[in-house]
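These notes open a run of structures that come right after.
In the two complexes below, chain A is the common chain; its partner is chain B in one and chain C in the other.
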Partner chain A sequence: MHDLLQYLTSRHWEPAPEWLFLIPALLMLAAGFAAVVLRNLIHCALCLTLSFIALGVLFIALGAEFVGLVQLLVYVGAVSMLIVFAILLTPASEVAASNNPFRSFNLSRALNAAVGGFIVLLVLGGLLAAIAFSPHAQAAVLPTTAATLKPAAIGQNLLTQTLLPLQGAAILLTAALVGAALLAKEEKQS
Partner chain B sequence: MMLQILLAISAILFCIGLLAALTRSNAILVLIGIELMLGAGNLNFIAFWKFSAHPELLTGVMFAIFSIALAAAEAAVGLAIIIQVHRRLRTVNINKADQLKG
Partner chain C sequence: MNFLENLPLAAKKLVLDLVEAACKWACAKTGITLPDWGLSLILSLVSVLLVIVTIIVVYLVMFALMSVLERKILARMQNRYGPNRVGFFRWRLWGLLQPVADGIKMLTKEDIVPRGADKIVHFLAPIVMVAPALMLPAIIPYGRGMVPIELASGILYFFALGASTELAVFMAGWSSNNKYSVMGAMRAIAQMISYELPLIMSAVVVALVAGSLSPLKIVEAQGGSILNWFVCTPWGFVACLLFYISALAEANRCPFDLPEGESELVAGHLTEYSGFKYAIFFMAEYVGMFAINGMLVTLFLGGFNAPAPFLSFIPSWCWFFGKLAFLAFSMVWVRATLPRFRIDQMLQFAWKFMIPMSFASFLSAAAWCYSGNAALAWALSTVIVGVPYLVLGRFCFTRHHAVDNRRYLYSE
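Here is the complex of A and B:
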């Protein structure tokens, strides 16, 4: 045990290679795609959670540790739970029906998927072309002074420069939570 | 080069979310797609912040934090609406909820 500790502390660690961020990125894309195409809604929610976790890890890998932790807290901790609760509170007949692999061929559903896929491919092609041929994106290099993100700097910025947006966000969050509770409340039968 | 890779990843994630929002008929899956698209936007904010000339100004980080807060509010209200729709119409299929009359 002591030898292991000594080895770990004495070893000279190489800086992480630059391509390492591709691992959470690819995991995020795969989990996101699975969340979209899977039939079972609970599986969708779990894959979405995995995608959110990978996105948070990607933020941390890019140097924005605070945003990554906020992502983990808010999305993985709160939004995923909300989605799971909503799925459990709305027992959809779709789950039972879609478990049957021999569904009858539905023309409107197939047309819907085809048109949606076409639009998505169009948007993706446009975005990728814009990214590939943008001179600004090609010329972008990492700034020489590596960005260090201190939570204290973020707090200072929140309470000076972005104080007004912070208050607005606070009002919006309060209104949204009260509104959500009101909306989801059981109505009295009168 | 790395900025372009990040932007391409973000574009693919956005299109995955768009696919869910356009083709799935379950309202919860549409909301999941919207969350994925918001995540792609956040990734763009962070990528542009990392490659900006003045990262110490924290502009992209602030945008991402506010965007995450707004996405949480949006998810809460959206899911409450979905639950209410399910209570009234007994379905969360957005093709069936096609009238404004309560």
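Here is the complex of A and C:
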């Protein structure tokens, strides 16, 4: 309790006490779980948004104010709206067909799901392990102190040490934008 | 005059001292020994609460005043009387008690939820709408030493919270189970997403020149006289206009009020809301409007700085609220003057004019920062914003689309 008091009463930058991490983390997990199991797709999207918000809160509680706010701006403001638009613009029959995977249980489908889930876990786990144990990744990680969490420091790092990935992401996004514009245009002409 | 300048801070200190004295007195009376951290915890909680209560009260009073003054100003511009009846017994008070009557009416009205509505989302939407709107004003510097929360990335906080109103609009529109609501919500989201880009870009321009995302630092960079305000530079002038227009669109104000265009869509996403839930939407819209105007004052109009040094005998917070009141008035003025956009005009204006212009003002600000002497900076940045303006203005709006070719898609 004392560390919480210290966190609340201090006027300077200070990471939150570790157990506070549990509140947004549990909320995030619960919302993410709800996003998977709920029947109504719009409810799923809203729950996913809640889990995005909880992740942003988690970043802020860890002292990464800038990252947390960017998370809110990008994911709550843009990505969630994208998902919602995608759901609303998909014809209703397609939505109904893919709506509830839990209603009709059959073995082959369950097996497929299990194998698919295993592969996804394997790939994600491998990726995480590669990131965690790679010496390059460790070198690129900044020590999280008050100084390195400032927006200016993050910008400095983005434009020096991690410039190449940044530009790569920019090219990817531009390509996606051009592709989307092309698809939309073709649809309009037909 | 120093007294007036420090009045709000002195009032806060007085309340905190009173609370401290009361705590000590209560401890002495009951014989409980309060540890040191207990007292400091109570004091910090009280000081946080003071800030929250002050923000909510000030913004709600401004909302109430605005709701009646807007109607009166509109009436004056349209050569009629406007609300002038509601008063107190035989004192009419120019109808200034109208918001009280409106509030009582809203509170006593029946809260109708459509049978086909999604009850939970329908209930949550006004909350999701009003909570970020009331959190927005927390980072605006209102006066010297009067920043409720000093955040290093305050500008980002403002836009991150502002973006979440889209979610609330969608929740309201979709959960109402009404086609007008869904269409209104789609329009509103299309509009907000389109105008958020120039809004954020024109704020980024200021962050580039001031070298900081902290609103207080940005205000301090504009100190001195009116010549130091960012609106008095070529890039700042353009960015300020872009920000103002985007603010009109973000606040759903006329000429961008087509999400609620009552002649086409009943009331857009608000159609199925009644009673106090409707009032909450209304309130969130006005509080958001004040907040975004406060941001405009902070970014471009010098914040709480006086326009000239000899005018600084007027307290800084008076300057801030004076500028805010002028901007709010100008938004009513725009509403009385301009007709509503059509949706295709609105979207074309955003994507073909506003966004390229915001990029131009960004480049212009960069030229301003990195060109050595003042004359070169002025010339370069004027050219960089002037040429795109002329080109875009010439070629964007001259092509007229034939009316029969118009196709009705989901958002039209």
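One rule holds for everything that comes next: the second predicted complex is superposed on the first by the 111 of 190 C-alpha atoms of A that agree within 3 Å, B and C clash if a C-alpha of one lies under 4 Å from a C-alpha of the other, contacts with A are read in each partner's own complex, and residues count from 1 in each chain.
The rule is simple: a residue touches a chain if its C-beta (ideal position, glycine included) is under 8 Å from a C-beta of that chain, and two chains touch if they have at least 3 such contacts.
Predicted, not measured: the structure shown is a model, and the values here were computed from it.
Student: Between chain B and chain C, whom does A:I23 touch in the aligned arrangement: first, second, both, or neither?
Tutor: In the superposed model, A:I23 contacts neither chain B nor chain C.
Student: May I ask you to decide whether A:L41 touches chain B, chain C, both, or neither, giving the answer as first, second, both or neither?
Tutor: After superposing on A, A:L41 lies in contact with chain B but is clear of chain C.
Student: Per the contact definition in the header, classify A:A176: touching chain B only (first), chain C only (second), both, or neither.
Tutor: After superposing on A, A:A176 lies in contact with chain B but is clear of chain C.
Student: Once the shared chain is lined up, is A:E65 touching chain B (first), chain C (second), both, or neither of them?
Tutor: In the superposition, A:E65 contacts chain C only.
Student: Between chain B (first) and chain C (second), which, if any, makes contact with A:A110: first, second, both or neither?
Tutor: After superposing on A, A:A110 lies clear of both chain B and chain C.
Student: Under the stated touch criterion, which partner chain does A:L124 make contact with: chain B (first), chain C (second), both, or neither?
Tutor: A:L124 sits against chain B, while chain C stays out of touch.
Student: Does chain B (first) or chain C (second) touch A:L163, or do both, or does neither?
Tutor: neither
Student: Is it chain B or chain C that touches the larger share of residues in chain A?
Tutor: B
Student: Once chain A of both complexes is superposed, is A:T49 in touch with chain B (first), chain C (second), both, or neither?
Tutor: Only chain C; A:T49 stays clear of chain B.
Student: Looking at the overlay, what does A:L88 touch: chain B (first), chain C (second), both, or neither?
Tutor: The second partner, chain C, only.
Student: Both chain B and chain C contact which residues of chain A?
Tutor: Residues 66, 70, 78, 85, 89, which sit in both footprints.
Student: Where on chain A is chain C touching in the complex?
Tutor: Those residues of chain A that touch chain C are 2, 5-6, 8-9, 40, 42-43, 46, 49, 56, 65-66, 69-70, 72-73, 76-78, 80-81, 84-85, 88-89, 150-152, 188.
Student: Note which residues of chain C are touching chain A in the complex, please.
Tutor: Its residues touching chain A are 37, 40-41, 44-45, 118, 121, 151-153, 156-157, 159-161, 163-164, 166-167, 170-171, 174, 182, 186, 189, 193, 196, 212-213, 407, 410.
Student: What part of chain A is in contact with chain B in the complex they form?
Tutor: 18, 22, 25, 28-29, 32-33, 35-36, 41, 44-45, 48, 51-52, 55, 58-59, 62-64, 66-67, 70-71, 74-75, 78-79, 82-83, 85-87, 89-90, 92-94, 109, 112-113, 115-117, 119-121, 123-124, 127-128, 131-132, 137-138, 140-143, 145, 147, 149, 153-154, 157-158, 161-162, 165, 169, 172-173, 176-177, 179-181, 183-184, 186-187
Student: If you look only at chain B, which of its residues touch chain A in the complex?
Tutor: Going through chain B, the ones touching chain A are 2-9, 11-20, 22-26, 28-29, 31-33, 35-36, 39, 42-43, 46-47, 49-56, 58, 61-62, 64-66, 68-77, 79-84, 86-87, 91-93.
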